[in-house]
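Notes to accompany the following structure.
Each chain carries a letter (A, B, C, D and E) given by its place in the written order, and its residues are counted from 1.
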Amino acid sequence: MNRSRASAISNCEKEFTLEAIQERKRLDGRSVYDYRQVFIKPSPVTHGNVLVTIGETRVQACVGCEVVVPRPQRPTDGLLYFNVLPSPMAAPNYDIGKSSLTMRVERLLDRCFKESRSLDTESLCIIAGQKVWSIRVDIHILNDSGNITDCCVMASFCALKHCRRPYVTVSGEHATIHPVSEREPVPLNIHHTPICITFGFLSEGNYLLVDPSIEEEKVLTGHLYIVMNIHREICTMQLEGVALQHEEVVKCTKIAMTKVNELNKSINKYMGIRTNAKNMDEDGQSILTNVLKETTLQIDNIQTAANVQEDRKNGKDIIQEVQEDVYEIMYPMEEEPPVTEEEEPPKTKPRDKDTDEEEEVTVTLTKDDITGLTSIETGLTSNTGEQTSVNRNSNKETSGTRGRKRRKRK
Amino acid sequence: MALKGEPHYVAPGDVITANLGFMRGHGTYESDGKLLASVAGVVERVNRLLCVHPLKSKYNGEIGDVVVGRIIEVQQKRWKVETSSRLDSVLNLSSINLPGGVLRRRSAEDEVMIRDYLKEGDLISAEVQQVNSDGSLSLHTRSLKYGKLTEGTLVTVSPSLVKRCKNHFHNLLCGASLILGNNGYIWISPIILDDHQQEQMRFQLPSTPGSSSVKTVTHVATIEERETIARLRNCILALAQSRILLYDTTVQYAYDASLKYEVKE
Amino acid sequence: MADFEYLSPEGLRSDGRRPQELRVLSCNISHCLQADGSAYLQQGNTRVIATVYGPHDVSRRSEAQHDKAFINCQFSMATFSTSERKKRPTGDKSCLETSLALKKTFEAAILTDTYPHSKIDIFVQILQSDGSDKAVSINAITMALIDAGIPMKDYVCATSVTLINDTPIVDLNYFEERGPGPELIVGTLPKSGKIVFLQVNSRLHIDNMEKVLKEGMNGNQRVHTILDTLIKKHLEKSILT
Amino acid sequence: MADRILSDFEISYIKQGVLADMRSDGRSCRDYRSFELRSGIVSNTSGSAEIKLERTNILVGVKAEIGQPNPLNPNKGRIEFFVDCSALASPKFEGRRGEDLGRNLAHRLSDLYENSNCIDLESLSIIPGQDCWIIYVDALVLEYSGGVLDCLSIAVKGALANTKIPKLTVIGEGEEQEIEISDNPFDSTSIDTNNVPVFVSLSLIGNQFIVDASHEEEACSLCQLSVGVNHKGSICSILKEGAGSFKHRQYNEAISLASEIGVSVIEKITLTNNTAPEKML
Amino acid sequence: MAGAGSGRRNRYLAPEATRNPLLCLKEKKEDNSILRSNQLRQDGRSCTDIRPVSIQSGIVSHVTSSAYIELGDTKVLCSILGPRHTQKDFNLEGQVLCQVKFAPFSCHFQKPSQQEEKFMSSIISEAIVGAIRTETFPKLETLVNIVVLENDGSMLTAAILCASIALATSGIEMKDLPTACTVSYSDKASNIYYDPTIAEEYSTANENKDVIGYKSVVYLPLLREISGVYQVGVAESHSVSSQLLEACIEGGLRYHERVRQYLKDLA
């Protein structure tokens, strides 16, 4: 990591931290294998916008999509970009622009999602060789208090999972992108859940700890990043700056496995909160605000306001890129939701968002599927509450709605 | 173990000895009570000290070494000298002979004039005065044989190829003089006659290879001298390529052997 | 693509190797005269040049570290090295990532505390890419560092491994690297068996991890034997006379 | 170019050496150093060559790809140059710092190739206005010590001579034309490089132009004339670089010298190309 | 930081079925021979005639000095800034920096690339620096900005002349007044055209078989030295090349006369 002023830590502090860890104690009272508290707050108004905090580390990820021409080498693959944006207020020593930190995290994300085929890029194809979806994940680092990598991976995953793209019908060479008002936007196809666990190593790899905090990172000699999914598969692994025996590596993967299970549970839990929030829509704004209060407890207000502003900027950018007809102003919160409807490709099995098995069942929207598709309208049961929300929340953010969100927070 | 006779080759990570009675020198490190090599080379043993000398490395200065270096930066009171060492060497204003007598006091004027004595790009021969704690070298030229180099040509080879000898200044029979810098910088120049050497100069000046700035105008190397120098240069490069240790005799032999060829070849 | 293309029923690979067999490795030490250390390494059709400059004075003050040397690493691929022409030789994300990973690896292997205040530049260029680029680069850099006489704990040897039909396959070529299996690149210090470089791409099941890792490390031992003989030969040949 | 500081005395020594026609490595002003050219080095290119001239070492890879022609010349193929001054050659070129020099060199090459009509670009056209061969010539400077432009042009010539372009057949008429590439890898055409010129750089030291300056000599020369010369000795391009100026007479001498040297260099390239084809590294 | 992520395309691509307008332009080119039957060029000049020169100086107000020159339809503007402080490394000699920019509307087809502009800048700066007494402004730099407003051939000549007038009026000490001339030539140099227009200049896009190349030379008339040569296209032998050089110098002297006259009048 590029912490140019990392040496600002005094030798005293350094030794103290080291000694503490050697006694298997950590400054914040955790034991060496403990993970900090994780909060995930998907935005109740905008799809693909999720805030993830691990302890004090805070990262917000937003997803945007646009239609582009695919790469000539891979005409049937959609595009997926990750863009890590370290904010200067996150830590005093962040470089402006691309640093080795952002570069490393971006590549790790690439490998997590693209190379381990977590996101089905083929399903993003609209017309082979001509039009595909380009998904872009902006990851804002709002506060760095250690272990930014895990946080970024988790935020990107949640944002992608949370994201909906507009529905598209294809007839021959002609594709129609349906406005959100016309057709239900569809979620992205995610095959599995990559979760990153960072291990820190001290004094030439003799001591190991999970989820290092910012103070600990300053005294670490090396890192091991393990990205796994709950199917006990290693998606990506990267070792940095330390020499390890291979038994240690194997041991780390085992620890990572249990941690991944834990984190996966909490991801499900928090993504669940969001679903509940949507279910309460009928009760109007009051409940929603309650939920908002609940989930933003940990967040200080100034920071949040700043997020919103940043999001607005982003939102504007995205809007420029998306064709006019895709863009649709969202329904006001108070309004009764339109009839819940869902387009489902014929292959789709009933969805069960809260279980992991769902991830295995993938919806592959190949070109043929789409062309032969007539949208099937199904009345949904209550557990598919998120579809309800889809109607009111455009995939694309608008400054107007963001403004509303802020007002509510006040 | 370092044995006599047969050279003992090691590569990084190789165990030199498990016997802890030895002291670790250059190119070795200790781990788990064993002495391991950290570079590839030949084990050398001096009493209880074990070192590994790599084939090639940056110049490791020792006090008293003769070096040839190039000024790369002029600072307030000193010069930075590039000597192919791992850090730039330092030549202090106080370690040179100033014009107008060897024992003159240094004045503020000298500091102002610093660029007039030596400026960027100038070549000097010097002696290592001291090795600083961070590994950089301090040089001095406080002897008539050191100082600014004038007419001649520079050849650079790997520092390990230059043999540490008593004398690094040679006047070869073939009619050229040679400074074999320990740092692998070799300076070849025409021989200057003795009476020239004694000449008192306006600048601090070396004797063996040097000539004054005034004299450069008067003394121009003759074509024969040039041929010799060019031949010597090519010989040294050839020797370096076949990794033959350089000192006056080898160079002289190579020169004699090359006489049957044209210089260009 | 069907698996038989990667592994024939007789257990041979598309290029006729056995699963654990390395490609032919050849190396030319001191390939570039200008650099302080350099090596040209060829593993099958993957060709790499690595050069090392330094240790020398830092070019920027901020790089100087009071207790150890600063290591700088740049990984680049010649525009003609891949089958599809690359637009830029360096500067894209994956090149930068590799540069960083290599830098971290060699920070762990070089005895950096021997050279405080200094900088070591490592440059590596892929001339022709036919799989295992990173692993071959690591081997080439090791040779270049040894040539430059920079003290290291040990060799750093690396190989790439994949898993096809539950059989670990070592030292992948381009075809195998693009295959369906996971890819694991492991770099070790062969004497102590410590892992200094480890990268896994695509999904590798945790139960297979140990098997694949072991095979990679065995491969590294073999790489080490080859490199060591090469170095010893080079030493003998170029010992001062 | 890559700056190298020399002391005043070294400069005067080199100058006088030039005057006496005895340069510091023993050559006369008109002597070219010997170089080694090898072709067919990189197997996944259409053609490649490597040149070694003392310590300058350049690798050139040529790739032929199908692309769109320049709208101004719809019935011609394209040839694109790219020079990468890699950090291998010097830490000074690390990151993007070698790019300027590289771009300049590439521009010089494309200037030479475009304006001397040395390659029949029309033969590279496939479907006029739609598809043509684009010959990407990518050079990699591995080591750098003087004479880089000369070496570059020699290596490019060598690599182009070695280039094999697969044979194509165009099927169909009008809008629906399709291209079919021959399956047989040996069924290929090569590029006629007979007319391809090389650069001969002359450096002005003192009052004299010398050929093939070493790194040190380049550092103390005031200006260079780089002259493109083809096998007939014709002058295909001239550019003066550097700040100095020279007399009329010197210019004439320099150009005639360049033409002479160029012819001999090209002879040598043809010789190496014919005698030692396809030698692997 | 939203700023770091703004590297996106904000433009729509053209529809797929577009054609470059340049393609259409090319098709309606008429007579492209240089000489008419009466051995005069299309614009009525003989081979050795140069186009009318018009010079004006001091037309930019807040710079050290400036000049504007027209050679026929080729229009170039030059301004000098400095000598002023430099951010660069310490150097005992003054630095001369030269920057050539082509106005977007300056060229018939498309504006030269940035690389080409840089290349032109280096040719011009290396040609004129020899005439400037750089030792008179140590540690300082002088900026020579050249803007090509319209390029109708002989752009290099115009730029050099313009720069030398601007320098001469700037008060910077000079050894000489650099002058230049461009000629284009036909096969075996049987015809040499002084001061060619863009149609008479050689380029690959020009299907003009009458000319096979052109050559620009920068000449220091008082020192009688050549400070810049740029030749494009094949010259059969070195004697042809020297013949062209003679022609350039001769033309250069003619321009020199004009420039001197102007400067005298100004004084």
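Keep in mind that, in the parts below, a contact is a pair of C-beta atoms (placed from the backbone, for glycine too) under 8 Å apart; a residue touches a chain by one contact, two chains touch by 3 or more.
Chain-to-protein mapping (UniProt): A = Exosome complex component RRP45; B = S1 motif domain-containing protein; C = Putative exosome complex component RRP41; D = Ribosomal RNA-processing protein 42; E = Exoribonuclease phosphorolytic domain-containing protein.
Computed from a prediction, not measured in an experiment: that's the story for all the values here.
Touch-path distance (fewest steps) from chain B to chain E is 2. Ranked by distance of CA centroids from chain A, the top chain is B.
For the pair chain A and chain B, the distance between C-alpha centroids works out to 61 Å.
In terms of their C-alpha centroids, the spacing between chain B and chain C amounts to 36 Å.
With centres defined as mean CA coordinates, chain E is found 26 Å away from chain D.
Spacing of chain A relative to chain E, judged by their CA centroids, is 56 angstrom. Residues of chain C found to touch two or more other chains are 153, 189, 192.
Residue ranges on chain D touching chain C, taken from their complex, read 42-45, 48, 55, 57, 59, 61-63, 65, 82, 84, 86-91, 94-96, 136, 138, 140, 142-145, 281. For chain E in complex with chain D, the residues that touch the partner chain are 19-20, 22-23, 26, 109, 115-116, 118-119, 122-123, 126-127, 129-130, 202-205, 213, 215, 220, 223-242, 245, 249.
On the side of chain C, the complex with chain B involves touching residues 30, 36-37, 54-57, 111, 115-118, 146-155, 189-192, 228, 231-232, 234-236, 238-241. Chain contact summary for the complex, chain C toward chain D: residues 32-35, 38, 40, 42, 45, 47, 49, 51, 53, 59, 72, 74, 76, 78-83, 85, 89-91, 121, 123, 125, 127-130. Only residues 5-10, 12-13, 16-17, 20-28, 31 of chain D touch chain B when the two sit together in their complex.
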